[in-house]
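Same chain, two partners: subunit A is paired with subunit B first, then with subunit C.
Our next item is the complex of A and B:
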């Protein structure tokens, strides 16, 4: 069997798994999992980050504890906890996809929370005081004054974390979720003679996903950063 | 309208404010001066509760402002505060800096707030900079926008915490001019400053502070010509001849 024949036989399986005969898998599942993970982790991370910054100890302490706990544990263990431990409490078996999604969101949110905290705390203290002295509540000051500034500064760190999330979806392999890495391994087991080529393609697929994200982020970063003194949304002034 | 009643404040074991009792009347312009670390900034920051106090009472407009349960945000929206470092929001234009709080507090519609902000920017001589971001403005211009922003909430009191100390010398005048204009209009103001010429010209009263205490309260004429307390005499002597002693 030539490699061209392997590609010809397995390309659809690689892209979408057994879909539409079976569940969605392959590259498509990886993209769905990563996108959903990022989409859910961002608001969760923002909420946790704000809780960690908040002046209310009853909110700050438990969240700080959670962050320290999750951050000090490998993602693989978080996946195992969700996979084995959660069903023993709820009595319902969690699907591999939900398991992976939950683990990713929790793990990511914790890291994002620290990025948010660093972003806000990196701003000059007088920005908070300026906002509060205008009668803005703590939450309004965060929303209207601090986060809009912090998010711009946080963007590079956020992107790193997003890239890490895309790659972390490959750990779904461990619990038999038929995402890209799992599917590739399956193909390799059946074909057996082209491991180098297959894993090169796998690596390249992750690279394309992650690299595209960083390019989009770079474009966004340039668009958000006020290059000149003029507000980016306003037309440039003609010199008088 | 601002009353301090035996106010004390500590930073750890260091006492920053010592038994402060003082009354500032409506329409009065009070300049607070004194050497660095004398507690003047701390004093002014307690008036809108940017700094908590440890004992005593501060009453503003009949309201005990360090009372628990006070709606501090509503209270602060009636007191303007101008910072040494301007504290403009760098992601917003000069105009947006001035409209943010009035619109947030629903004091005005976006259009009304804009109208009023433009009028205020005009008053501080910066109407043509309405769409500029703070980074495109000089220090003096930024501080004038900051004053316009404070005025946008139509405060009954304006507090200035060393408003010209972060400015290049040639920009001090333009900011002091704006503050003088407000004084003429009868705004109640407390100004912490090292600008003694300004104090002499504009202040109704001068409070001299050292080591957390108000050591002297006097009219500018009395303070500059006949200072009573030895520390005040020393302070003024140091200002006059900074290179001797």
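Our next item is the complex of A and C:
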């Protein structure tokens, strides 16, 4: 079997898995999983980040605990636990796809939360003080003054985290999710004699996905940048 | 504090009955659902693998499982899984039946039940010709590669305790490592080894199969422990296939002369669910 024949035989399987006769798989599944993961993790990460910054200890403490716990465990284990351990406690059996999505969102949100915290705490202290002394509540100060500035600064870190999420979808193999890496391995087992070519294609596919995301982010970063340099300069303090 | 602890214990006690308990008979559940979920590897020709044309699962075990679904009168749904996840998937009830190149051995009998043996194979070692290894004992102290989570690794360790075993996520990775010269031998079920060698083409002459069997591996379908009704209907289907010649036909189609593997005549029957120690 020449490599051209291999491509001709397996391209559709590589792209969509068994769909429509079976579950969606391959490149399409990886894209769906990564996109949903990003879309859900961003608000979740923001919420966790704000909770971590919040003046209310009842909110701050549990979230801080969760962040420390999840960050200290490998994602592979999180997936394994959500899939095998949670159902034996809750009695609810989640599918392979939703298990993977949940694990990704939780894991990602925790990392994003710390980026959010860094972004907000990295702002000059006067921003908070100014906003609060204008009479804004804590939430309003966050929403109207701090977050708009912080998010712009956080963008590079956010993008790195998103790229990591795309690649983390490949860990779904552990619960038999037929995402791109799993499908490629499967084709490789079947064909056997072209591992270099097949894994090169796999690598390239991830590169295209991740690189396109970073380009979009770069474009966004340029659009969001204030016209003249960084933050509006504060007037120099007048000597008393 | 003590109050809170009590409450936690109470909640735990209330949840406990839900742990790993099937509320009803599994066969009834399957009939009620109208489908039987079958766990397959999907990467192990000829037991279960993807047909590039239809992109569905085909293979020897897929056909056996389909026959069982037909007998029960429900639709078969195939779900692929990793080698190491097979038994947990079954125990948790995520699949109703395992048809996943599963070896029936005494250790596993404590965890799950098995159908009648549907295939008998043995692990063998494929070695690189240049390495000079000619018999099992020559592997002492040498690097031998195989897959993680199956029976291959313990079997090799039993046969050659001093061999350095390196394991991989799937058999293909282990075999690839052998091809790159990073080990002298590769352990797998005899059946899979024939299939692997067949795909190598002219390079096959660089390898030899050691004649000794590491063990005898009866393959069987896995059933959750204590599901007597399901086991009865699975075994009845297999016995029926033996009697009407379907078992023989399936063997010939996937393993025998009509297949790529060209195994010799079938030497076993679907008649026993007992295995030797």
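Worth pointing out:
By definition in this document, the second predicted complex is superposed on the first by the 227 of 240 C-alpha atoms of A that agree within 3 Å, B and C clash if a C-alpha of one lies under 4 Å from a C-alpha of the other, contacts with A are read in each partner's own complex, and residues count from 1 in each chain.
Definition applied: a contact is a pair of C-beta atoms (placed from the backbone, for glycine too) under 8 Å apart; a residue touches a chain by one contact, two chains touch by 3 or more.
What you see is a predicted model, and the numbers here were worked out from it, not measured in a lab.
Of the two partner chains, subunit C is the only one touched by A:87; subunit B is not.
Looking at the shared chain after the overlay, A:149 reaches subunit B, while subunit C stays out of its contact range.
Once chain A of one complex is fitted onto chain A of the other, the partner contacts of A:69 are absent, as it touches neither subunit B nor subunit C.
Judged by the touch definition given at the top, the superposed model places A:77 against neither subunit B nor subunit C. Judged by the touch definition given at the top, the superposed model places A:220 against neither subunit B nor subunit C. In the superposed model, A:39 lies in contact with neither subunit B nor subunit C.
Contacts of A:21 after superposition: subunit C is touched, whereas subunit B is not reached.
The residues of subunit A lying in touch with subunit B in their complex are 124, 126-127, 129-137, 140, 144-145, 148-149, 152, 226, 228-231, 234, 237. Touching subunit A in their complex are the following residues of subunit B: 48, 50, 73-79, 81, 83, 85, 87-91, 93, 100-101, 104-105, 131-133, 135-137, 149-150, 153. Those residues of subunit C that touch subunit A in the shared complex are 15, 18-20, 42-45, 49-50, 52, 54-56, 78-82, 85, 88-89, 92-94, 169-172, 176, 196, 199-201. In the complex of the two chains, the subunit A residues touching subunit C come out as 9-10, 12-13, 17-18, 21-22, 84, 87-89, 91, 93, 96, 173-176, 178, 185-193, 195.
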